[in-house]
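Each of the two complexes below includes chain A, the first together with chain B, the second together with chain C.
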Partner chain A sequence: MKKVFGIALGILTAIGGFVDIGDLVVNAQVGARFGMSLGLVVIVGIIGICLFAEMSGRVAACSGRATFDLVRERLGPRVGLMNLIASFAVNLLTFIAEIGGVALAVMLVTSVSEVLIVPFVGLLVWAVLWRARFTVMENVLGLLGLCLVIFTVALWKLGPSWSDLTSQMATVDKPASEDWWTYAYFAVALFGAAMTPYEVFFFSSGGVEEKWTDKDLGTMRSNVFIGFPLGGVLSLSIAACAAVVLGPLKVDVAALSQVGLPVAVAFGKIGIAVVIVGFVAATFGAACETGLSAGYSLAQYFGWQWGKFVRPRKAAKFHAVLILATLVAVAVLMTGVDPIMVTELSVVFSAVALPLTYFPILVVANDREYMGQHANSSVTNFFGTIYLVLIVIAAVAAIPLLIITHMGAGS
Partner chain B sequence: MGLQKRGACRVRVGAALLALVGVAGCTGQPASTSAWQSSSERVIGTAISGLGTARLVVTQEQRSRLQHSYAVVASTDTIDTTAKEVSSYLVKQPPDQLHDAQAVVTDALQQTVTLLSQVRVELASPGLDGPAAARLVKRIDAMRKALEKLQTGVTTAPDAVGKR
Partner chain C sequence: MTRVGNRLEARWLDAALHLLDRQVLDREGLMICNVDDLELAEDTDHHLAVTGILVGPAALWPRLSGTLGDALRRTWLRLGVQYADRDVPAYIGLDLVDEIGAAVTLTVDREGLLDKQPDAETGEEHHRVGQLVGMDVRGPDGDRPGRVLDVRLAPKGSRTARRLEVTHLVVGRSRPGTLLGYDRGDFNGPWLVHRIVKRLHRHTGLLPITGVTTIDWEDQHLDADRALEPLTGV
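Right after this comes the complex of A and B.
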């Protein structure tokens, strides 16, 4: 019974923790402008994140060591350093976006400018990273993040033409008013948002924090293969709600307040209250995950003591990185930079960094010295290779598309 | 000493030239017609988006389906986004033959920002009653229609925009 409860809790927190500010913003933008015509990209992204999260979770469970630790050992310091630089930079950018996202969500309730809220959010995030137990942090925020299920319920309540939404997904065609470059840009952004590198690092490092062994592989796989796809359903619901309510009014989503409006149409004030709790939990949870991932990546590469399972005094450098990352994030946001713009940049640069993040994981997961009998099967390698090709295409296309389309405004 | 003076003079002239090139680079070169069309179409699209959001907020607020603070923040966000786009559009130099068209687009955009700002003011205090909301929705719809017409004009026949 305890095991069933553990699995259920893991799945629920995986669903609630799947969506972050990047998913919220990009899915709503895409839904409002392109309907569900890019829905297949979300599905491809979710399969990809499941594939690589399972690999990195398996690496953590079988070796008892986290990804960066093994990447440096297996591929040498140079490749490890490239991996570190790319992942750390994207992580930090995502961390800034998530803290900005929390501030924007709080602003919806208080009407106070997000610039004034940011320092308090930074302090709170740091306090949680410093004091809260890993499982408490993960479970509480993951469960509260489930409030975003309201998008799925709202979609049902809005009563859209399901056949229309499905046919938009199946036909993969852009609206006449948009051009193909912009369509491709948002495809890359959606792919980057679904496959954000921090999710994998956090997942594998979390496995080490929770002392997974090969006996936990079943639980880990149920989290990944049930929790992540259901989290992906939330992403698709956000896009579909935007397509149904914002699309006909030609609304181009540029603020978090616009993302929640379809829920107001469906459920009124109660819906908005639930959605705001979901926004805060999703972005706060992701801020904690990205903040920890920044510390994990540096500490694992340089061989420092890391993690929340040891006292802060024993992992002083790890905690110093957390403090510095939080200060940098707060300082950047205090300049008045638009957190939504940071979010858009973070998902595009995630796409750029994907090959440097996922290729080493594929290599390590194939190494029988670490993995023993749990090394990748030929089927996993087949799909892993296909995904590497997709990832490289997205990475190469991301920056040119960003420039050509003026960040998705249109070429 | 003479050489030193001449060298300092060259540095000064070089710096002046560099500054001149910098200033010349900052002055607006007229955009091509297609670039103007594309940026006008984009900024009008942003204005239509802002009005769409405002319409949604007003109708939901009137039916008491939105928290007051949420409605105010959403309408403020809309003004921010639209005004930012409009202000960056205003500093662009149109092609010589499209000055009238630019004036018409600019005027419509400014009217949109004014309307969005009125929506926010009425939402914030004292709040919307039925007739006030209906009046605002009517104005928003009329403005949206005018902008959509303008957008079509800018795309299909920019020279004809502003010429009656």
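Right after this comes the complex of A and C.
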């Protein structure tokens, strides 16, 4: 019974924890501008993150080594260092975006400028990382994140033409007002939002710390293969809601309030209340995860003690990195930079950094010395190779597309 | 703990593939550092053996080689010109190592563990594995089989007098991917990556250390009197 509860809890928190500020913003933007015509990309991204997370979780369980540990081991110190710099930078960017996202969500309730809220959010994130019983926080935030299910309910209540939505999804086409470059740019952004590298750092490092073994593979797989796709359904619902409500109004989503607008249309005040709780939980949970991931990558490269369960005095350098990262994030946001813009950049650069960690994990997941009978099957490798190619294409295309389309404004 | 056995009990291990850049854990499983480089002792008969683990920026930056490594090392020194032993790495003796597996586990606690690398004993000279890896290999009759990619070691001696003797050098063209292990390990695929790495390293072979006539540590090259043997894996 306890085990069933554990698995159910894992799945529920995986659903609630799947969506972060990147998914919220990009899915709403794409839904409003492109309808569901990029829905297939979201599905491709969700399958990708399932594949990646399952491999890294399996590697963590079988070898006892976390992602960035293996990056240095398999790529050497030199390439590993370049990798570290790139991954750390992207992680920090995502961390800034998540803290900004929490501030924006709180702003929706308090109407106080987000710049004033940011320092308190930073302090709270740091306090959680420093003091909290992290498992409790993780579960509470994951469960509260389930409030975002209201997007799925709202979509049903709005009663769209389902055949329209599905036919948009099934065909590779775009609205006549948009060009193919912008279409490609948002495809890369959606892919980056679904497959953010920090999710994997966090997932595999957690596995190492909880000392997963072969016996935990079943639980890990149920979290990944049930939790993540259901989380992905939330992403698709956000896009579909935006397509139904914001699309006809030609709204260009540039604020978090616009992301929640369809729910307000469907359910009024109550809807808004639920959606804001969901926003805060999702972004706050992701802020903790990205902050930790920034620490994980640096500590694992240099061999320092790390861990969310280890007391700060036993992992002093790791916690020093967390403090510095939080200070940098707060400082950047205090300049008044638009968190939505930071989010857009972070998902695109996530796509750029993705191959750097995906490739070493794909290789180690095949090393029978580490993995024994749990090495990748030929089916996993078939999909693993397809995704390797996809991920490299997205990474190479991301920055040129960003420039050509002026961050999606149109070329 | 993990399915990788203790390589100290195996016949051989490869320094770069199995030991360098691994996490070092203390008796309690707390993390200490990574294996940044390995101390290589050369006795009067020019026998080479790994005698200790080197740790810290003074060991890591030179391994990055090239402009980046130089720049990082010089900056590191400049940030502490007043320290006499800034360029001397910290050290863990092999006698403290319990197990070399997916990680390196020690027999002691981490508090106060790392001290600076001791001076070489009389008659011995200290080098680093990081210096040997990357060295240009000159074969007989102007043959150029490539560079040293890895160093094969054989554990010898009791725990207190443990040494990892250099038995072979893995030599091949300097191309990416040798640390991935496809040339020596037991892999399931993926087919595409496997084929590409195998093809890039098709000229890689083993050079017994007895076939090395001279090592020029200054000019970073060594002379061999024989051709490469085929590479054997796990």
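By definition in this document, the second predicted complex is superposed on the first by the 411 of 411 C-alpha atoms of A that agree within 3 Å, B and C clash if a C-alpha of one lies under 4 Å from a C-alpha of the other, contacts with A are read in each partner's own complex, and residues count from 1 in each chain.
Assume a residue touches a chain if its C-beta (ideal position, glycine included) is under 8 Å from a C-beta of that chain, and two chains touch if they have at least 3 such contacts.
What you see is a predicted model; the values in this text were computed from it and never measured.
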item	value
Combined model on chain A where chain B meets chain C, clash or fit	fit
Which superposed partner A:Ala409 touches (first chain B, second chain C, both, neither)	first
Inter-centroid angle chain B-chain A-chain C after superposition on A [Cα, multiple of 10°]	120
Touched partner set for A:Gly268, first chain B, second chain C, both or neither	first
Chain B versus chain C as contact partner of A:Gly372, first or second or both or neither	second
First (chain B), second (chain C), both or neither touched by A:Gly303	second
First (chain B), second (chain C), both or neither touched by A:Val102	neither
Contacts of A:Val244 with chain B and chain C, given as first, second, both or neither	neither
A:Leu362 touches, of chain B and chain C: first, second, both or neither?	second
Which of chain B and chain C A:Ala287 touches, first, second, both or neither	neither
After superposition on chain A, the shortest CA separation from chain B to chain C (Å)	32
Common ground on chain A, meaning residues reached by chain C in one complex and by chain B in the other	none
Contacting residues of chain C [partner chain A, same complex]	1-4, 16, 21-24, 30-34, 36, 60, 63-66, 68-69, 102-103, 176, 179-182, 185-194, 234
Interface residues, chain A side, partner chain B - complex	107-111, 245-246, 249-252, 254-255, 257-258, 260-261, 264-265, 268-269, 272-273, 276, 406, 409-411
Residues of chain A touching chain C in the complex	62-65, 69, 72-81, 299-306, 314, 362-363, 366-372, 375-378, 381-382, 384-385, 388
List of chain B residues in touch with chain A within their complex	38, 41-42, 45-46, 48-49, 52-53, 55-57, 60, 63-67, 69-70, 72-74, 77-78, 80-81
